[in-house]
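Below is one structure. I have some questions about it.
Read from first to last, the chains carry the letters A, B, C and D; within each, the first residue is number 1.
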Amino acid sequence: MKSVNVGMVGYKFMGKAHSNAYRAVPMFFPQSAKPVMKAICGRDADALEAARAQFGWESAETNWRELVKRADIDLIDINAPSDAHKEIALAAAAEGKHIFCEKPLALTLADSIEMLKAAEAAGVKHMVGFNYRFAPAVQLAKKLIAEGRIGEIYHFRGWFLQDWILDPSFPLVWRLQKEIAGSGSHGDLGAHVIDLARYLVGEFREVIGMSETFVKERPLPTAMAGLSAKGDKDAPRGAVTVDDATLFLSRFENGALGSIEATRFAAGHRCTNAFEINGSKGSIKFDFERVNELQVYFTDDADDVQGFRRVLATDASHAYMDAWWPAGHTIGYEHTFTHEVVELMEAIAEDRPASPSFVDGVACQAVLEAVDRSIAERRWVSLSEFEESR
Amino acid sequence: MKSVNVGMVGYKFMGKAHSNAYRAVPMFFPQSAKPVMKAICGRDADALEAARAQFGWESAETNWRELVKRADIDLIDINAPSDAHKEIALAAAAEGKHIFCEKPLALTLADSIEMLKAAEAAGVKHMVGFNYRFAPAVQLAKKLIAEGRIGEIYHFRGWFLQDWILDPSFPLVWRLQKEIAGSGSHGDLGAHVIDLARYLVGEFREVIGMSETFVKERPLPTAMAGLSAKGDKDAPRGAVTVDDATLFLSRFENGALGSIEATRFAAGHRCTNAFEINGSKGSIKFDFERVNELQVYFTDDADDVQGFRRVLATDASHAYMDAWWPAGHTIGYEHTFTHEVVELMEAIAEDRPASPSFVDGVACQAVLEAVDRSIAERRWVSLSEFEESR
Amino acid sequence: MKSVNVGMVGYKFMGKAHSNAYRAVPMFFPQSAKPVMKAICGRDADALEAARAQFGWESAETNWRELVKRADIDLIDINAPSDAHKEIALAAAAEGKHIFCEKPLALTLADSIEMLKAAEAAGVKHMVGFNYRFAPAVQLAKKLIAEGRIGEIYHFRGWFLQDWILDPSFPLVWRLQKEIAGSGSHGDLGAHVIDLARYLVGEFREVIGMSETFVKERPLPTAMAGLSAKGDKDAPRGAVTVDDATLFLSRFENGALGSIEATRFAAGHRCTNAFEINGSKGSIKFDFERVNELQVYFTDDADDVQGFRRVLATDASHAYMDAWWPAGHTIGYEHTFTHEVVELMEAIAEDRPASPSFVDGVACQAVLEAVDRSIAERRWVSLSEFEESR
Amino acid sequence: MKSVNVGMVGYKFMGKAHSNAYRAVPMFFPQSAKPVMKAICGRDADALEAARAQFGWESAETNWRELVKRADIDLIDINAPSDAHKEIALAAAAEGKHIFCEKPLALTLADSIEMLKAAEAAGVKHMVGFNYRFAPAVQLAKKLIAEGRIGEIYHFRGWFLQDWILDPSFPLVWRLQKEIAGSGSHGDLGAHVIDLARYLVGEFREVIGMSETFVKERPLPTAMAGLSAKGDKDAPRGAVTVDDATLFLSRFENGALGSIEATRFAAGHRCTNAFEINGSKGSIKFDFERVNELQVYFTDDADDVQGFRRVLATDASHAYMDAWWPAGHTIGYEHTFTHEVVELMEAIAEDRPASPSFVDGVACQAVLEAVDRSIAERRWVSLSEFEESR
């Protein structure tokens, strides 16, 4: 059995989720190559040390340029804010390190392509953090489609609905600033839906979208604030430079029709990452707020008992569940990361490409930009305009 | 095609529900024998005439003794308060009229047996108003069980939960007075669950129960008040003489275990008449608040897609639905009565027993009384103690 | 109390639904002006007479031109196939009859405007059959929005999903032929969603859509077939000339973003007419398959108990429910028509415009055509291009 | 900050769940006293070493008598099969170790009382593993009740439904043998429901129950097998000596009525640990298969929007959730153990009793035995017959 030495850049929300996954793999997936938590990296030395101790990393680095050069590191995990992804990834590739990068891969398609090319040139493994693929219920959806049990796909409907910035006095955190985040709900939430659509249905052919920023100015935050920051109504205000909501229609290469929406203004939806797929032989529904469940309908069920089944995807027959608890004992959000790391560890150990890789990161970025262009130019945009992303 | 002339005693909630059913049958079930709305009967002449005109009856009678003697009447429909059932039914039988009586059949088992014997002696058709059997979703449950698709039955769990008297200032309406209503939630709501249990699982072998009257005194109502009466906190008070809630455990003849509860103190439940059945090959769940739906689980579904199916019982393959609207177009509470009347009309036309008949009314009454005795004597009571009800 | 003499053209699915509503109004809404079922009209004399007897009309007419001239008719109800709407409506208006016309009002916007102008010129009442407005749960949604309890509206998401033509051997019924039906899922299903969006959110500003016909040829039916027709695989085939699915994005005048989809290819959805609305103070969800329910979320609920409430809209506080049964006793699809007729009867009795009127029919048609144009020309289309519809 | 050295006896299902909790506490609850995973104990040296390495314990002991004597151990965690609990606990107490024991505390009430007395005499902290209390949704239920927001409680309905032994060829594992497990569904599943009832409603006054063993003989297992063991139909068979299902009715000290059921024969229910509570001011519903959700109803909601709210108990306002992920990001089964360990660590650090303690274990055992006695003697049994358990 192999082990993989990890150096991780970032220690906030995603840094915590990744750390937990690295800790969980050896215990729940002992047959997997083992991630070794060598070093965590961030700029604020005190906060970093606290995170190191809490999350269980062996060492800390305040300069990522030092981290990527360390001989004892096999894999660089990048979950710093999005504007830092590219530079770190390029440096990691140059040092021959495997790379695990959170989504969105970069602020622009061009940057993400550069990252992919660098990783490929270096011959390292690369993975992008589309963790929702790794919910066992989503894995089941994939399996049903792959086995033809849903038939030819006609429709994909996907939403990622949140409400954490609904209050106009919520502060202007980095996720609301284009120069750091790249985009708003589109790149943060829509990217996940786009990835699930590509994973389950296939490639996009053309798109047309619209977007809106409902609250155009917000109080400046006093410090780097997370998802649950409290705003000060009387603080000076700055412009929100990303989208609050982005919707688009699409056609897929296989002829399916798509409708995708990402918003942070859907009151009552804390984290509704949901989709429905309709095919010639059945349908599938998923909602991340009930991450253990998949709704499945088959047209060939007996006439008098046709209906959506609520499958609790916690049986031993469901992906990854054998490693956890007996049937019916649910898992949650964090487990998607654990499964993701298992895939990455296995790819490294077996010397095969990881999935989703930067190829998927680039493809997703192309769709994001195609939608952006369709909004800017108010027209249908074909993915063929982004040939370089194929 | 035959027609059946109906004389109906009662014109409140149930009178309205029955009238609507008589009106609906010729339109939606034109192949059925046709109920003719000959006469409606009640004591208050003004209110009666208003009901007659509104519901569409040809004539009105203020004395039920006159009604049962009318030569132009084939069927007596009894939905007056429970304490009046027996006398009217005996008179109807004596006149050779078919009888459709609301549940509970009578205030006591002895009375209900007397009614059954009278009807049988007269050779008339008799039906008791267990309307919930006639929801297409319940019919589907029956079909699945009858065809062995659920296997051997292990468990029946049934509840009828309401909350309309939760407010302690709700007045002391007739349904809360033992001398008129016979019992409270037990006979009003529990009777329906008992009937569904008998219909779907089989006969009860033994029972043990408990009951409670949470609010022991209530304001006297100013007039005969219905389910939505408003109480006057300062009005004089009287004792509530029926149960607010009754629960019991049971064994069925076939070995299944039962748990049944009826209460009017379940906040948030307007009309939750629900049950679940677990068998060796599957399970069934029903909730009347979603009357068009049946949840069904089969153990022999493929391993990776096992789960309760939500069957919308509105397809042409479901009982009675062919007569209504296209698939997916729902029906409601009142339709259970329409189907019930269809069954009665067909029984009369085909000269065969209706189902559920007074036999079922008596059997239900025996279970009600067995539970009452088990409460009074704090012991398991066998239905064999009520041999006369078999 | 007034009565209104009705002459109805059409006797299939919608004719049955309307007839039932006319029968129900006097019984359940006795205070309303009373519809009198004077005459039913259709071309096939035998089938018509059967419908007349079954539905309870006083007389039958095989020529609608005769019907509209009858002096004893106050109101013409048009539910014949869509291509016949205009001619009949114009004739009815010319005769000074009130008009109740099923949706879509006409095959084209121009035709619908002509119908509206004719009705206005004649000074008659006019109503278009957007029956879903009249579900009590939808009325509650309207009330909550009107009272500001949902706040400023950000999002409208609406779907009408069916699956009755999923089987490629389902025959080429009239609803699949453009020259009779005008359009497919777009005009049949999408029209309802558009109307609900206009009713609840407001006017559309611009739209862009896409559509698809997944199954391009189907067996010719042997006779006029309804929604549950069985196809003959070996029958000669004809081209499907309408859309199987149409989706579009929209902006509303008030700045809200919309996403609307209509399809007949969503396996497992018999009749999912559903929408969700997100506002600054709350959200609303509705699904017609659970017609008695509205899901409502309020941002100002206490922090620890925020969540969507499942409101069973059957309480006396909910629109129209006082007329039916006690709280918790559900109603179904057909009741939306009864409420619709109550509105029409009251409008006539009170000499005020009915709602929704032909104005709404025209406005809906404008949106339908704007979407069609956006599809044909692959561009955003502003409703201002249809000034004549305002 | 303090640390607590743990020695754990048992390494199967519960051992894994406990180990995971010990690992999670320092990362997610860094302010808590820290559990140090000193030693794991079991009889099979090879399997034990594998578990030690996988779960991350510092050392292994094959003899629990050695373990309890180790000077470096502060806390003994007992999750071996139930028949071993008592002896280990008594030894641990004798050595002055804190004790964390899985439920059921012992095979008999007398044994559990002995354990409680020993722990109290030794002055050590003691906790019993009723982990379901620690779901944030259950904590919310407790809070709502404690704050009077549900009012006076009228009804408790609780079920623990599973289906893992539905197949008659499932083998005779230790959980189906009375001498090891003590009881079947009653002690395994019912114990959890009883504890939740005590936690949320209060003490039981009297009970009456019934039970059944549907499958009376099963194939002998080839080796110690877990919940997902596969049986060999042709293997020699042994008698099942525990209950497959146990149901009982109860009255609580505060007058509430209870109905509780535990079964392993409910097809389609993998792990439905569910309850509903109805009070004078509202109701609460919980189902462990949707562990993040609590359904709550308040009678004082506005008349037109009354309904059960689906509260996703993942907000920062919900117990323990602050430590995990942003709102809407769900947790699962294993987190209940982590929270349980936090409570135990805090109790030790603060030198206060842990909750639930052996007092709760004893009280639960008394109810279990009262039910058993009520079944054996076919009569209502008062908890006052078990005065020694108070």
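What we mean here is this: contacts are C-beta pairs under 8 Å (C-beta built on N, C-alpha and C of every residue); 3 or more make two chains touch, one makes a residue touch a chain.
What you see is a predicted model, and the numbers here were worked out from it, not measured in a lab.
Participant: After a C-alpha superposition of subunit A on subunit C, what does the rotation angle come to, in degrees rounded to the nearest 5?
Facilitator: Result for this pair is 180 degrees.
Participant: Can you tell me which chain lies farthest from subunit C, using the average of the Cα atoms as each chain's centre?
Facilitator: Between subunit C and the rest, the longest centre separation is with D.
Participant: Decide which interface, C-D or B-C, involves more C-beta pairs in contact, and give its chain pair.
Facilitator: B-C
Participant: Centre to centre, by mean C-alpha position, how many angstrom separate subunit A and subunit C?
Facilitator: Roughly 41 Å separates the two chain centres.
Participant: Measure off the straight-line distance from the CA centroid of subunit B to the CA centroid of subunit C, and report it in whole Å.
Facilitator: Here subunit B and subunit C have centroids separated by 36 Å.
Participant: Roughly how far is subunit C from subunit D, centre to centre by C-alpha average, rounded to an integer in Å?
Facilitator: Taking the mean C-alpha position of each chain, the two centres sit 54 Å apart.
Participant: Two or more other chains touching the same residue: where does that happen in subunit B?
Facilitator: 269, 306-308, 312, 315
Participant: For a test of understanding, state which residues of subunit B touch subunit C in their complex under the given definition.
Facilitator: Its residues touching subunit C are 13, 17, 19-20, 23, 26-27, 30, 53-56, 162, 164, 226-228, 269-272, 288-292, 312, 314-316, 324-335.
Participant: Taking the complex as given, what residues does subunit B use to touch subunit D?
Facilitator: 154-155, 157, 159, 161, 166, 208-210, 212, 214, 245, 247-249, 251, 255, 257, 259, 261, 263, 265-269, 276, 278-283, 297, 299, 306-308, 378-380
Participant: Quick one: in the complex, what on subunit A touches subunit B?
Facilitator: Residues of subunit A touching subunit B: 140, 143-144, 296, 298, 301, 303-312, 315, 317-318.
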